[in-house]
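First subunit A sits with subunit B, and in the next complex the same chain sits with subunit C.
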Partner chain A sequence: MENKDMKSAESPKIVSFLCKWCSYTGADLAGINRMSYPTSILPIKVMCSSRIDPVFLIKSYLRGADGILVGG
Partner chain B sequence: MGDKIGIFLCECGPNIASKVDMDRIAAEIAGLKDFGDKELVIRRHKLLCSNEGKKFLEDEINSNELTHMVCAACSPREHDSTFIGVCKKTKLNPYLYTMVNIREQCAWVIPDKEQSTDKAVKYIHGGMNRVLYQEQLFENQLDSNCDVLVIGAGIAGVQASLNLASKDRTVYLIERAPELGGKTTRLHGLLTEQGSNLNMISQKLAKLKKNPNIKVFTSTKLESIIGFQGNYEIVIRNLVNNDTTEFMAGAVIVATGYELLHAGESAYMEFSDEHDVHCGLEIEALMAQQKKVLKKNGKTPTSVGIIHCVGRELSGYCSKICCNYLIKISSYIRAMYPDVPVVHYIRDLCLPTKDSQSFYKDVREEGIEFKYISGLNLKGETVKYADPYGTEGTDEHDMIIYAKSVIPAMGTKELAQLLNIDLDEYGFIKEAHLKINPISSSNDGIFAVGAAHGPANVADSIIQAKAAVAKISTQLIPGQKIVPEVKVSEVLEAYCTGCQTCLKVCKYGAIYFDDAKAVSVVNGAVCRGCGNCVGSCPSGSIRSRHFTNPQLFQEIKEAVR
Partner chain C sequence: MSLKSRSVMVVGAGIAGIQAALDLAEMGIKVHLVEESPSIGGRMPQLDKTFPTNDCSMCILAPKMSESVRHPNIKIYTTSIVDSVSGVPGNFKAVITEKAKYVNQEKCVSCGLCEEKCPVKIDDEFDMKLRKRGAISRYFLQSIPSEYTIDRRSCLYLNKGVCRICEKVCPAGAIDFDDKDKQYEINVGAVILSSGIDTFNPIHFGNFGYKRYPNVVTSLEFERMLSASGPLGGHVIRPGDHKEPKSLAFIQCVGSRDENINHNYCSSACCMFAIKEAIIAKEHIKDLQPSIFYMDIRAFGKDFDKYYEKSKSKYGVEYIKSKVSDISQDDEGNLILKYVFENGEIQYKKFDMVVLSIGLQPRNNITELAEKLNFNLNEFGFCRSDANTPLNTTSEGIYVCGAMNAPKDIPESVTTSSGAVAETLKFLRLERQDLTDKKGAVPEMDVSGDRPRIGAFVCHCGINIAGVVDVKAVAEHAGTQPNVEFSGNLIYACSQDCMNTIKEKIKEHNLNRIVVAACTPRTHEPLFRETISEAGLNPYLFEMANIRDQCSWAHMNEPELATAKSKDLISMGIAKARELKPLKRLPIPIDPRAMVIGGGLAGMTAAISLAEAGHEVYLVEKENELGGNLRNIFFNFEDDPQELLADTIDKLRKNRLIHIHMSTEIQKIDGYVGNFKSTLLKKGSDQPVIVEHGAVIIATGADEHESKEYLYGESSRIISQVELERMMKDKKFPGGRKPQNVVMIQCVGSREEGKMYCSRICCTKAVKNAGVLKKMLPNANIYIVYRDVRTYGFREKYYSELRGKGAMFVHYTPDNKPEVALVNDMDPDTQVNVTVFDPIVNRNIEIKADLLVLSTAVDAKKENLDLAKMLKVSLNTDGMFLEAHAKLRPVDFATDGVFLAGLAHGPKDCSESITQAKAAASRAMTFLNKKAVLAEGTICEVNESRCTACGYCEQICAYNAIEINKEKEVAKVNDALCKGCGACVASCRCGALDLRGFTNEQMFSAFESLDIINVMNE
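Take a look at the complex of A and B:
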């Protein structure tokens, strides 16, 4: 992981799994209030944070994610 | 036939168009290498959710014979159902469409237009990948039963039954006690409209008995219940002769009310049966029967002490109704005995309703004393107290009236287990959401009203009962079929090892175990599609429809690209 390029370090890729009922709604609220957050955060909607299989986290890291946010 | 994906970019007036470069999005999507072999139909529209926009969408789907559709617009919370509605008018299965949120989670959170456009492209790309992995799903319709089971015939249960029963809807009202009316029948008066209570409840009970669509079962308890909203199979048992009755219902209202904490559990209340120490409800009963407050020896009291908040330190919450009814009782005494001193011992005073403040003012003006205390000890009829400044005092009375904490009704826990609903930390039935969904329980189709949820006065109970009636009337319409959620879990029998982990994690009781096949089975009508079972299945044998692993992997792939 040491040879991560600088670009990634400047704007870390964060995969965020957001529960449809709470944190996805929260992310919408962030938009409604015109808050800002980095472009590299791409939300993925799930029906409930309990749906998240550990495999999703492993796959994300293997494919180059710098961090994972599970919101629920 | 190859895949033909329709990608619709909504400008949302200036909301999206001014923050992202719509032309660049369209161009970049058209040039995506991994979609080189797919036919893409990319369209822009000013406002897809408008009537004109919906018509445009419908025409585009039909004329291009789209196999998949991606709408890049606002949050799915706003218009997912709008676009599903459009799909339903066409040949396109609504589950072969996906919505990408380029407004709330893109245009509105990234001030820089270039970056915002980059993210939108990425997001839409993810949606396009996902939609190819989506599957057709078909909604099915189920007959629903509109009858309602009401548990508990106190004021809340009676009110709900009266409002629900109609020629299309039978109400089964069951009550554990031999008589109807619950604790309200034991009250002499209701705050600010004293004396009218017995009249009010007896009128309601008379109406109840006359209504042919209400079937009343007294001395009866719920024996078993299986099913889901619209289809419950219910068995009730008579506690006297053990007879059982079976029927179907579509919804359940729990109106089991409350109990009072035993005063003996509070260490500072020392008294025996010989002492003239009464709880508020006993005084109400006395007033209702004899229309007079008298000591146990039949004599008139000469000094009355009224103690608030007994047991609050044990229950852990304010019982909400006690301050009001104790003040009401002191007004009874004042009206009967104008010269008898009455002292309230209060730690806090809780007068939340709009008429209670003026009532409190009135009784104060009539010479009723209110002493703020930090603690007290009752021995017989003698009150030793300390005021908030630490000054101690002793008052001798010859009659003590006190309010005990309101606690959940006996058997609430067992009932909650039968109904598969959650209880809160105090043992009351937990609301689906304390503020925005306060009369629903954790289980669809089961509602709780009145003091079953927590301390409630008569007015609260009636309001909640009517709210539950409104919900049921709109959810269970006679003659209308119900459409269960299709985005639910399903077990792949071949992979299921029968470990039953899923049964333990399912909060909705939607999974049962088929002993013959030794596999778990999901009841699609009860499943809410949370996917808890999917994440915890060790053998990976449960799929979450519309949120399958391959579908989510496609989104992950784009998120980290």
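Take a look at the complex of A and C:
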């Protein structure tokens, strides 16, 4: 358990809900321009940020996410 | 009554030919696409990246190549040439010879054993002779068709009657030495020529030592070195000793802007090409110093100057304005450049490696083709076309696109392709197409109720992914996931043979869900969906994991962590795929009418093109006069612009399908692709008119910048280029006297902080107006104060002519701008003193000017923002409308059914506006010619048994796509209007709504896989 916490502190797993039209495209652009950011950001594409049900956030935390980013 | 046909021949299958073929095919026209080499694709596959976005060239081209080979209306002839074209427009007969390939294309499995064993090793032309290939070979890795062919010039058996090794090793028995040339006779209504260009061979320039000094290479050779799939695998090394270069010199205009070799034109693309290569090389070797030796940097295209500036500020590329006269080599293979500055000063500098930015020239076989097809060439040997008919050859019914009639970059080539398509339509019989199943479509398998059997494919994307991520490990990891029946790697998942692999694996392992870990679904999802539907799977049983754009490219320096993240991403994709369900796409009816916004040259041309093809058009103009900016242009090099204006207006007014709405504003645009409804209001009226249409073309133009510099407005002698044109037309100059000294200042309001773009037309305009003045007043002294003279393409000729007539060109830099003072403050017609530093004489010079002409910028219209909001399209940072893709969709918007032409897109001249307007019309017709198109499958659905008809979703939906059925007391989704955003789903308190393709279950499944990841990582 201690081990896991330390690991989380080093690279917290951040689930990122990205809108297909803007922030998901933005994340692609970041890649195209070779801009770097931590690998712990895990993008999940949604059709619109309004699609994000509060349940998504709770479920993500319950499943081990350390943080959540909503881009839209 | 002219003859009309249902088919067209396109000669040359580079990006220009491919685009023309696709546009025609979408309109329901049969296309014969003839290509001389063994693969379609042209020049683009040789390029590593494209400017100014650094998109991977092959990655953006591959989907178009695949689309054209799959399209039922396109027939591709490779290793083929056109023998003759006879007949009349509307009814041509063409004879095509397909050279023997000696490999049965049906049997070949592209395994490559034959090439491996082939004893002949010859230079590979595709890789610029940097690699050897066999006499039997595949043109390039992602070739379409992907089958091997035998080069009859070098095959031992075909020349000397011995060998036949390939025949022995071929496991498929595909080798066929009895193969013969085949002839085809086809009937077509029109011909589009798009056979492209050659590059200049610098072997003729002994002073640069090309081929004598191993470390001097051409820009195209260097491009192959940079390419991940190239002969060096993307490692930049010196050919002489395989050492990494630390300094790199680019020499511009090698074979361009050179009267001695009858290349008195600018090749238009090489400046940007060099900047791009310098940036990419710097990305490969962090401590590299790239330097570019140039005369003028011609970064005149949309967003090019920002790229140029970034190359200096972010990548440290050094620019040296001088002429390289000689290169010598030292004992270590380093190269010493001797170069001369404008003031005659000579310097020397040593470099590890030199890249010659070679120019473009006509194809070596263009004369032969011109004779066969009876069209004329221009003075430089390019296919001849005129400024006002930029897509016509001198032969009726034969049109030209791409770089064949003038050097062009990719987006301009693509624009000319769609434009040429619009021109062919007068000889074609268009029929509105029904929504029919594609011929030979594979019936969809019913997988409902079956246990998920997932296939996971991990793409290398050359080294784009594999260079960072351990793709083998990711594929192995995918294989350990539940329900994964097959996992494996693909070199380029989007290439034709890899897609065939996917289809085979689906059959072999009876797969019913596919996950591809590769680039972004934004560009490649449609392609993979189509692939799996060809294997009988519903296209929505597909999921992508974005391990390139959002992983390998973003985490280039952390390969281990990037691999771990790729595993996470593919796990999430697999988890979601497990829950995927087949979806149906519903038809949306298309209204064949169009609305064109703006009655300038572009708007009028687009309207005429649409109407001539039978579409009703509403042309809306804000002002009470047609013509836009063309009303202020009175001179051109070859023809009279006012005649062009009068002719265009005449054609417009005579066409009964065009409804002109003058002095009219657009209040509102509702609807979506195929079904727009616009509210128009005429000035002074309170009765709005509502028009319905299927497409919108934005051609709202741009404004002339009003200078705030150089004392503009303080003397009648300080004027803009537009004002000068009017004075020259009226022959009336300030003070009533003919001017003796005329100064023109370039880049007023362009290429500066906050407006970092080139206005493209002002250099040519200054050259043109100076030429007219010189003719009118031969004794006048003309000084053009410039930053870079950007007379691209054939405009260069007029620039050198003007220099020959004695006009003075003085170079300035933005940190040392010319200074302007009034001679007499009190006189409104006062002369002005212009002081400018002249680098040639190395001191300030002062000119007492009778006329100071400011070459002011092209400004975006302020109203663009309102229109952009109304149509839900984007603007770039300069306020110009932003196209869907800078390279390959230059007149489309990301929003379906909306297109773009003219100055609203960015600065351009009349000829370019005409081309773009025709292109926009043609792109609109690709769907206006259909009775219906298919809606997306990812839309919302209502579980009626759960719905309480509370109406909350109805209020929340931004697209009015959901309403409550009062009788049944349930919510109802309008499939055509629903955009699939899912706002209603998140808001529904009874859980009655769900978004197909993004259901709660599917989303949850993706997070659930996170749990597994955490456990596994520990």
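One rule holds in what follows: the second predicted complex is superposed on the first by the 68 of 72 C-alpha atoms of A that agree within 3 Å, B and C clash if a C-alpha of one lies under 4 Å from a C-alpha of the other, contacts with A are read in each partner's own complex, and residues count from 1 in each chain.
What we mean here is this: a residue touches a chain if its C-beta (ideal position, glycine included) is under 8 Å from a C-beta of that chain, and two chains touch if they have at least 3 such contacts.
Just so we're clear, the structure is a prediction, and the values are computed from it rather than from any experiment.
Q: For A:C22, using the defined touch cut-off, is the partner it touches subunit B, subunit C, both, or neither? Pick first, second, both or neither.
A: Neither partner.
Q: According to the stated criteria, A:L69 is in contact with first (subunit B), second (subunit C), both, or neither; which is it?
A: Once the two structures are laid over each other on A, A:L69 reaches no partner at all.
Q: Please indicate which partner A:D53 is in contact with in the superposed arrangement: first for subunit B, second for subunit C, both, or neither.
A: A:D53: touches subunit B and subunit C.
Q: I want to verify the contact counts: of subunit B and subunit C, which reaches more residues of subunit A?
A: Partner with more touched residues of subunit A: C.
Q: Touching A:S36, do we find subunit B (first), subunit C (second), both, or neither?
A: both
Q: For subunit A, which residues belong to both interfaces, subunit B and subunit C?
A: 13, 15, 24-25, 27-28, 30-32, 34-37, 39, 42-48, 50-53, 55-56, 59-60, 63-65
Q: Which residues of subunit B touch subunit A in the complex?
A: Those residues of subunit B that touch subunit A are 75-77, 101, 103-112, 115-116, 118-119, 122-123, 126, 487, 505, 529-532, 534-536, 544, 547, 549, 552-553, 555-560.
Q: Which residues of subunit C touch subunit A in the complex?
A: Going through subunit C, the ones touching subunit A are 53-55, 283, 520-522, 546, 548-558, 561-562, 564-565, 568-569, 572, 938, 956, 979-983, 985-987, 995, 998, 1000, 1003-1004, 1006-1008, 1010-1011, 1013-1014, 1017-1018.
Q: Note which residues of subunit A are touching subunit B in the complex, please.
A: 13, 15, 24-25, 27-28, 30-32, 34-37, 39, 42-48, 50-53, 55-56, 59-60, 63-65
Q: Residue numbers of subunit A touching subunit C in their complex, please.
A: The contact residues of subunit A facing subunit C are 3-4, 7, 11, 13, 15, 20, 24-25, 27-28, 30-37, 39-40, 42-48, 50-56, 59-60, 63-65.
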